[in-house]
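Notes for the one structure printed next.
Which chain is which? They are A, B, C, D and E, in the order written, and residues in each are numbered from 1.
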Amino acid sequence: ETKEQFFPLLVYRTGPYAPNGTPWANGKQDYIKMVNARDGGINGVKITFEECETGYATDKGVECYERLKGKGASLFDPQATGITFALTDKVIKDKIPLVTLGYGLAASQDGGVFKWNFPLMGSYWTAADMLIQHLAKKEGGFDKLKGKKIALVYHDSPFGKEPMPLLDERQKMHGFELIKIPVTAPGVEQKSAWLQVRQQRPDYVLLWGWGVMNSTALKEAQATGYPREKMYGVWWAGAEPDVKDVGEGAKGYNALALNTSGQAPKVIQDILKYVHAKGEGTGPKDEVGSVLYTRGLIIQMLGVEAVRRAQERFGKGKVMSAEQVRWGLENLALDQKRLDALGFSGVLRPISTSCQDHMGSTWARVHTWDGAKWNFSSDWLQADEQILKPMVKVAAEKYAAEKKLERRTPADCQS
Amino acid sequence: MGFLIETIFGGLMTGMLYSLIALGFVLIYKASGVFNFAQGAMVLFAALAMARFTEWIPQWTGLTQPLLVNGLGFLAACAVMVLVAWLIERLVLSKLVNQEGITLLMATIGVTYLMEGLGQTLFGSDIYKIDVGMPKDPIFLFEKTFEGGVLVNKEDLYAALIAAAMVALLALFFQKTATGRALRAVADDHQAAQSIGIPLSRIWVIVWAVAGFVALVAGVIWGSKLGVQFSLSLVALKALPVVILGGLTSVPGAIIGGLVIGVGEKVSEVYLGPLMGGGIEIWFAYVLALLFLLVRPQGLFGEKIIDRV
Amino acid sequence: MFYRENGQFKTSYRADSQIFPIRQDRVAVAALLLLAFVGLPLLATDYLFSAILIPFLILSLAALGLNVLVGYCGQISLGTGAFMAVGAYAAYNFQVRIEGMPLLVSLLMGGLCATAVGVLFGIPSLRIKGLYLAVATLAAQFFCDWAFLRIKWFTNNSSSGNVSVSELSVLGLAIDAPVQKYLFCLSLVTVFALLTKNLVRGAIGREWMAMRDMDVAAAVIGIRPVYAKLSAFAVSSFIVGVAGALWGFVHLGSWEPAAFSIDRSFQLLFMVIIGGLGSVMGSFFGAAFIIFLPIALNQLPRLLGLQIGTETASHLELMVFGALIIFFLIKEPHGLARLWSTAKEKLRLWPFPH
Amino acid sequence: MSNANLLLNVNGIKVIYNHVILVLKGVSLQVREGSIVALLGGNGAGKTTTLRAISNLLEGERGEVTKGAIELRGERIEKLSTAQMVERGVVQVMEGRHCFAHLSIEENLLTGAYTRKDGKAAVATTLEKVYSYFPRLKTRRGSQAAYTSGGEQQMCAIGRALMANPRMVLLDEPSMGLAPQIVAEVFEIVKDLNAREGVTFLLAEQNTGMALRYADYGYILESGRVVLDGEAHALRENEDVKEFYLGTGGASADNPRKSFKDVKSYKRRKRWLA
Amino acid sequence: MAESVSDEVILDIKNISLNFGGVKALTDISFDVRVHEIRAIIGPNGAGKSSMLNCINGVYQPQVGSIAFRGQTFKHMSSRQVAEMGVARTFQNLALFKGMSVLDNIMTGRTLHMKTGLLLQALRWGPAEREEMAQREKVEHIIDFLEIQAHRKTPVGRLPYGLQKRVDLGRALAMEPEVLLLDEPMAGMNVEEKQDMCRFILDVNKEFGTTIVLIEHDMGVVMDISDRVVVLDYGKKIGDGLPDEVRRNEDVIRAYLGTSH
């Protein structure tokens, strides 16, 4: 009897968000294939997967979830904020962890309330915080932000609105003016948004977009002559599909980066060697190592490592249940050494989670498009715990009150 | 003041682009009484064809001269759209002669799914580029009169000119000619048109091919603005209030409707939007259309709705 | 030969105007209800409930509501999503703002709020007709999308605009497990279907259909266009609103305005057209077609053991789905319900050809 | 009837609507080149259906010919399209007018000439001819067809068919809704075109008296079957026809027709097969 | 029926003029209709007959003139109000509800008699059920009367033309009107069917005492069953009187009857 650890993969390879969803999904799948090919699975447990197309639509996402959860799902990565919201309630009953790396609810960082959610490596609050810090650094200090105008051009959905509480908080602290300009999903018509930008002439534009909205925004910025150097995107607005067909026009545009891009890291080389060389690659070869692809790898790697971590406690070489995987996710401890061993050196910072902190790392860098590729243009930034922590706590408490949830006991944290 | 002019100008440009898509709807509605839901899918399909052909042609033939490649790509995409028109007539419309409008509308929804699936299977679902050499950078007018000048987007300007030319051409072509009359007859009553010998199939192939051509032009313009991928089919939604405001049966109506909606939504968003939290342009366009319709229920230039006993 | 109405003489008008005048139909429906209420809960898996049957029931209900408006009264609406959203958000507000509000009351209040909004946006129908009316309903759609996204009060000041509900119960019974949710939806849908059927086969239903078929003649007979049209908007949006509340409360549990976007409106319109305009049964057929088919198509390659990528599979699914829509329309332009009744008519004649 | 100049030969056709409603149960009829043939029968007898089968307009009504054959000058035509029938010179005037509502009367008429290839001048001549037949149309030429009276629409429909310069016209209830004077004129036009230009007519008519006065031959259709046929004058003398279709049954010399007022009870037409 | 016609005027039409843009559909038309009579309106095509009926039941609003019903004058009236006053009508171009069965079509004629509210109807319980059945019974009488029992459940669109006309009449009758306006009810019927239709009309007139205004092109029918005849031509009244007088009127012969009659 073969032992198999099953990963359901919620993806979208069709619809308006397909260009961004596809490399992400390919990364996840290739990593699984690679681990199976290179290591023979996780301590001998083969990894299996099944993809389900959501088209970024919540109802289809829920359908996929319901379909795949019964097959012994280890965890879900819904790849969409809307689906995340819909599943957050369901996973509590089904006892399946929900990994939302770099997206999802900011408050779910608080593992004391959100037992099953894992917004690993960052939320929109950390992202917004890092961007403001970066701008302050550029201006030469937080005090220099006073009187400055910062426009938030955002996808008009919970995804786009999520950073607002933090930005409002920062606005109060530093006295800059925050201008909120919504863009109706999916974001193909942005003329009036950019007319407003032109009218207000902000010093910086924060771009909170996804999919076609990003490239359209860059084109409109070009068309209205807004300097791309002053535009800063969230990490979902900083990948190749966002700038590729804008080309030169996007030169100078900045965005947050959770990870590197490029084919240098060892893990990428392994994928090329163990998967693509055998003709089993999921997508085109030259896309391997792109920003979103690499993010897909990381997400899958963290999932695999969570299983490995769980095996350390619950039995090596065994298939882990979703509950056990959850424990693994909550007790991740990937230090630099471990990352190097995994072939991820330089790709991301070490990450370690705990019962109270489901994020594990609040670091990111800024990278800038030079017309052909992304180059890092800042040091590692870290979100300010002082600001973040209380906000997360308040939001989580509110959620717990609404849902009549109890904060987890220390004993529960041990289990 | 300068900014108001700029806003209005921007609205006019966008409006013109909406008109171009609206035109596709009007053509088909006028000629067959079908509200063609698939217009958006046709825009996507045509743009995908164009984008991929311009990519493939250099690979197949070794040609690199951009003008030539674009020209050949355009022709190839045209041919594809004619083929599509022919297939739609053969497989769908000819089987649904004399059915109610709503049935035909539903059939075009089936066509939408088919074309979206087929288009992305044949041509891929990544982002592709159409580069017909449209200038991307802005120009500034009246810099002396107003502070900061009035910004005009050159690409938009060209696009609007092309759209206007197309619309004028089609208006001329369809007005007063015998073909135009036959088209209107078909729209009124399929069966009666058949009974006097109007060959429905030929007429429909022609009209759908022309609509395919319009979709191609719209696809090239929008595609070079937005990049070619699935979202392109969604811009059709923006043309909906335009056609209805202008009147489903009126080619000039499509233009005027486009301009009204374009200007209305930009001005409202820029001036009223901030007061109301932003994002109002979408519903504002519809409310605007609605107000017009309350005065003229058949749209600005549409044919009067006949109800008589 | 077994499907005959011969020998079933109606001795009263009451008997003749039953919903199912033919005995075999009554038996079949009773069997179907028995299966739905007793059989399925025993047999079906959670997946079947949560992912297929519950959405099917709720969207059938919404389609039923829309059918009242489009199919029976002839007023095209692309604002169904908005009315669902009003139902959902209104019910949500009743639920969170009023302590101890019973779930059922919240749902119905949601429906009533949707009614108010529906009637408001129905007013232009007194002047605007046909496709042009779509603009009024689209205005409703986009306005509601915007309002629920922008006006914080509606979402109880949730920062992201996302709302969620939990711990549902009716009359002290928890609505928690999929099977409970299913039965809850099924009961509501059955009741609403019955009430709707009664309406459409009664005086008001005839008024609606008369407006739809020939409004001038209807007015001459003494039907008030204002009353007929607005009552259709009211009834329709009430049902749609309740369906919306169910969609949010029971199916999703947590939602954002995108759950009730224009796509939803289109999807429901497709359901009623494909299923059959002006047919209660058609709403169910349509919902089944639009919900089951893609899921089945999606599973098909896997069942056949074909190895094709997710992307190709979804494109294929789109194409087959589109082709099937066209195929069925060509077979029967008036929808699946008509196809069904033609089939029954044939069966009635069987084994004679005519 | 000799086969020599047989124009149209309908042979035992069965027509079914919607796959279930059997309407024509084997209808056969022949039309000679240059003749006027009347198709008579009560409401629902299947006259319209027969004409639709000939001009191939059934498809749009979801009907189909399931058995039998239709030949035009020896050529099987069931598979042709209506447009092809018009090219072969066969035009139908549909029951219930079917004018193009948004087009003006004149545009309606001009659309009728869509298939003609003999130039604008010839079309203009025909247009004048139609106007001379129906002066009323000329006065209303500019108004949208939907806003003309019932009779005007009927004239428009007939005129539109004539604009195609047809060789054979299938007229479905031409007299419906027309004033007596115009009815007489329509039949005169039929006779005139028939005599002078040799146009063949197949007319479905309820005005049996008129129809039999002008036709050469008649078929009587009931419940989807031909129940009686014969030369027009013979039919006119047939007692049953007199009673049921002409309303002159049992009439005497001084009272040629029974008053409508004196009909005391509802009659059921004699079932020819019963 | 002349003997039972009283002199009481039920419908008095005074100086009606109606224009559509340039088209003068009716010019200064006046005539009256007496209780219980059968009043025919004849005239060439496009004379304005149908428009006249449309004015009476509020579909068109004449620019000039007034219409009095039982001495009560009105100028602007909605169709609903006219219906409430007891005027029913059939249409020249069939205006049946195509998607509904024969039974339902005729049932709509009972709208004004249906009183139960929406909620009761939805429950179809108690009063709603009783009302529905009571109305159904009335309608069944009409169906029997018109002899269309066999087609009760057929969608009207499928019926042949002649039967559709009968259903149209049935729908009007279901309103139990005092005045029944019939626009070419016998077009497209053969003699025998016309005889039947005449019988229906006469019976309605006699049994229910309904006043009838009839537009018809078949002179035989008009002369036989009408009490008085109005003749219109090009929107003007050119004759009014007993059938025989009208038949002999020179103007009428020239404009309408032609010499062949």
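Observations on the structure shown:
Criterion: a contact is a pair of C-beta atoms (placed from the backbone, for glycine too) under 8 Å apart; a residue touches a chain by one contact, two chains touch by 3 or more.
Which chain is which protein? Per UniProt: B, C = Branched-chain amino acid ABC transporter permease; D, E = ABC transporter ATP-binding protein.
Source: prediction; values computed, not measured.
The minimal number of chain-to-chain contact steps leading from chain B to chain C is 1. Seen from the C-alpha centroid of chain E, the farthest chain centroid is that of A. Most remote chain with respect to chain C, judged by CA-atom centres, is D. Core chain by CA centroid proximity to the global CA centroid: C.
Looking at D-E and A-C, the interface holding more C-beta pairs in contact is that of D-E. For the pair chain B and chain E, the distance between C-alpha centroids works out to 49 Å.
A separation of 75 Å divides the Cα centre of chain A from that of chain D. Averaging C-alpha coordinates per chain places the centre of chain A 37 Å away from that of chain B.
Touching two or more other chains at once are residues 149, 214, 216-217, 220, 311, 314-315, 318, 333 of chain C. Among all residues of chain D, those that touch two or more other chains are 21, 147. Within chain B, contacts with two or more other chains are made by residues 99, 120, 125, 277-279, 282, 308-309.
Contact residues on chain D toward chain B in their complex (touch as defined above): 55, 57, 59-61, 81-83, 85-87, 91-94, 98-103, 107-108, 110-112, 114-115, 144, 146-147, 160-161, 163-164. Interface of chain B with chain D (complex): residues 97-99, 178, 181-182, 184-185, 187-201, 249, 303, 306, 308. Listing the residues of chain E that touch chain C in their complex gives 57-59, 78-80, 82-84, 88-89, 91, 95-100, 104, 107-112, 114, 116, 118, 121-124, 128-129, 131-133, 135-137, 140, 171, 175. Note for the complex: chain B touches chain C at residues 35, 91-92, 95-96, 99-103, 105-107, 109-118, 120-121, 125, 237, 240-241, 244-245, 248, 276-280, 282-283, 286-287, 289-290, 293-294, 297-299, 302, 305, 307-309.
Those residues of chain C that touch chain B in the complex are listed here as 76, 124, 127-132, 134-136, 138-139, 142-143, 145-146, 149-151, 214-217, 220, 262, 266, 270, 273-274, 277, 311-312, 314-326, 329-330, 333-334.
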